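First chain A sits with chain B, and in the next complex the same chain sits with chain C.
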Partner chain A sequence: MTATAALPATALAGLLLSMADDEFVIGFSDSEWTGIAPLLEEDVAMSSLAQDELGHAAALYGLLGELIDTDPDAIAYDREPAEYRHCRLLDHGRGDWAMTIARRFLYDSADVIRLEALASGSWTPLAELVGKLVREERYHRMHAGAWLDRLARGDGEPRDRLLAALAELGPDAATVFTPLEDEAVLLEAGIIDAPMAELEDRWRASIAPVLADLDLPMPPPARDPERGRLDHGADFAWLWGEFTSVRRADPGATW
Partner chain B sequence: MSAKGTPTAAGATPAEPAPVLEAWEVFRQEKDGDPMRHGGSVMAPDAELATHYAREMYGRRQESVRLWVVRRSDVHDLDDADLLQPPLDRSFKKPGGYVMRDKLAAARAQSGQAKPKARSK
Partner chain C sequence: MSEGGIHVNVARTRAGAIVGERPAAPATVVDEAPVRAALGEVMDPELPMLSVVDLGIIHRVAIAPNGGPITVEILPTFVGCPALELIKASIAGRLGAFGRPVVVTATFEVPWSSDRISPAGRAALLEAGIAPPGPATTGDAPVLIDLEPRVPCPHCGSRRTTVENLFGPTQCRTIRYCADCRQPFESIKPV
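Showing the complex of A and B:
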């Protein structure tokens, strides 16, 4: 696609919003561990990961803001809960440490598949940003993998809690790959290299050996695939109240 | 972060196994070619997480290009004053040889000779 060809702006905006909201919401969820993580070092690590995700969200909201000529902060903070387009996997409350690790593993493993499908896309601003995000996400996957391994091999309570977390999150795990409204347009324009359904297959192939090695169950198909980025529920409504509280306390203030 | 020993979870009863945390020393290189310098330490249950935590504590702001993580118990410690700070004069082992200043001053004082002035050209 050349610069003069019409950019499929609406379809692109939908993609960017879904990715930015994913990073934003998991970043905020993980930041809830700040001060209460299992050990001091892990507290710093998880807080730093959360900051990374918020940084990724800021970069993606920035691209989106340029595309639709809107202030990125307004996109991030000034919508109603129902207008967010993150996947349902991220709608579950923080839960215990096993929930956080299970969510991180499921999300990070899916996110990298999505990023790789965009890395050589035709819209340079996104392809270039994705190249940077992939490099940072590598460490996130190492961190989640290290903990998944420890919990899975920790017979008794650690493994039980991990299994419970996977049972709760599993049916929503594949919602990262909820089909986008204008997916065909993005494929046509060469912005993404495969439909979401195919990305989900790639993701399943990538995590199957990891889960099999730890004798953990594969996530089932998404329970409501068409509405995987809608109907966010009470846990997200609470989180939204938290992360917009300062912004709403003084609308229009210069920070 | 440099706490010695193994911390136990608050409220842990003796029946529960203590969390196995140990200290790891972290060395960091600021830029290519620099020596590895001791940065500090982290507590972690194993080398893998110790490396992750070292990365977070000593590398997340791009302040390091390389980290070494060493189990503190693998460090052989020597701080014996008899071996390192012996009481007798060891100046003859230094590359500059004996320290002559004090001896010369004493000899001059004894002979009543003044310290020679710097030679003029």
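Showing the complex of A and C:
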């Protein structure tokens, strides 16, 4: 994109909102383990992961806020549940530890493919931020990968619970790559390097050897793929009630 | 950068001093070296043995001529670092002593890396019982925390140490354990 070309603001806003909402929702989901994780080490780890993801969300909402001239906190907290654009993979309730590990593995492996597709993008503010995010997400993948391995090789209950979690989450895993409105505009502007459908192929190629090595099933194609970022259910409505409760208790309060 | 302007100001002030003139306000001269020295006195709130200079988060310092602002651009260590606003305020507070407006902004123009921590900063970490980070990259390839080449224990120097937790009390730290002196310790994540 040349300096004189107009920024495709609407398409860019859609991309930023989908990414920010993903990080925001998984960050809040992770924070539900604070104080009650199965191991003290995991209590620390999940809290730190949640802090990372909420920080990533804040940075992305910040870029979006500048783009559309809106307070980032208002974007994060003042929408109705139906207006959030996170992917359906993140709509499942916290569940047990295996659900959390399966969700983190599926999301983190997809998120890194998306970040890599944006890292050399033409819109500098996003490309620079992504350059930083990629470094932090490596540790998230390392954590999820180590636990996936541990549960998958733990015959009996750990493996059974992991298989049940993958069966529940699998059909929604590819919703991270739900086609964006105006995706062609982002491609043309050089903000993202491939369509979401191609990113999904890259993601499948990246996780296939890991899952095969552990004799775990590949996620099937997304059900209802066009609506992969819509129709959030009761579990998200509950989470929304939690993360907006302070904001709603005293609208306009400053901290 | 405004170095040309600064040097012109220095010359004028020196000349003025010779003839005993008081420089017209706001002709207070501010050089970059004392500003950087002052930044060396601003400590990180989460790693208080490290200055913001030793931590390697100072990206750019610019001093506008003719009494204009001192601008400092810093690189967040982690995107979600909760200490960022406190660090900005500490820098602005310390540089306020120069009698100029101070503007502190954060940028991701280059990603902060643990490789930016200075040798003095690494020594200070070790002294405080925190193992400094290994290299964050080899050539172009990123290095994750390597579980095998054991990080030496900052208390006793033993290499019989293990990673207890990739994550720690702050975003930039990992928790380890020494099998010889039987002490847990923290290390800085290579990033």
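Basically, the second predicted complex is superposed on the first by the 255 of 255 C-alpha atoms of A that agree within 3 Å, B and C clash if a C-alpha of one lies under 4 Å from a C-alpha of the other, contacts with A are read in each partner's own complex, and residues count from 1 in each chain.
By definition in this document, a contact is a pair of C-beta atoms (placed from the backbone, for glycine too) under 8 Å apart; a residue touches a chain by one contact, two chains touch by 3 or more.
Source: prediction; values computed, not measured.
Novice: Based on the superposed arrangement around chain A, label chain B with chain C as either clash or fit.
Specialist: In the arrangement built by aligning on chain A, the partners chain C and chain B clash.
Novice: State whether A:Met142 touches chain B only (first), chain C only (second), both chains, or neither.
Specialist: Both partners.
Novice: After lining up the shared chain so the two structures overlap, which partner does A:Leu163 touch, if you call chain B first and chain C second: first, second, both or neither?
Specialist: In the superposition, A:Leu163 contacts neither chain B nor chain C.
Novice: Counting residues of chain A touched by each partner, does chain B or chain C come out ahead?
Specialist: C
Novice: After the superposition on A, what does A:Glu41 contact: first (chain B), second (chain C), both or neither?
Specialist: both
Novice: Which holds for A:Lys132: it touches chain B only (first), chain C only (second), both, or neither?
Specialist: A:Lys132 contacts chain C only, not chain B.
Novice: Identify the partner contact of A:Gly55: answer first if only chain B is touched, second if only chain C is, both if each is, neither if none is.
Specialist: second
Novice: If both complexes are laid over each other on chain A, which piece of chain B (7-15, 61-69 or 79-87) hits chain C?
Specialist: Given the superposition on chain A, chain B and chain C clash at 61-69.
Novice: For chain A, give the residues common to its interface with chain B and its interface with chain C.
Specialist: Common interface on chain A, chain B vs chain C: 41, 44-45, 48, 139, 142-143.
Novice: Which of the residues in chain B end up touching chain A in this complex?
Specialist: It comes out as residues 1, 19, 21, 42-45, 48-49, 52-53, 55-57, 60.
Novice: Which part of chain C faces chain A closely enough to touch in the complex?
Specialist: 76, 78-82, 107-109, 111-113, 142, 144-145, 164-169, 171, 175, 189, 191
Novice: Touching chain B in the complex: which residues of chain A?
Specialist: Within the complex, chain A contacts chain B at residues 39-42, 44-45, 48, 139, 142-143, 146, 150.
Novice: How about chain A: which of its residues touch chain C in the complex?
Specialist: 41, 44-45, 47-49, 51-56, 58-59, 128-129, 131-133, 135-136, 138-139, 142-143
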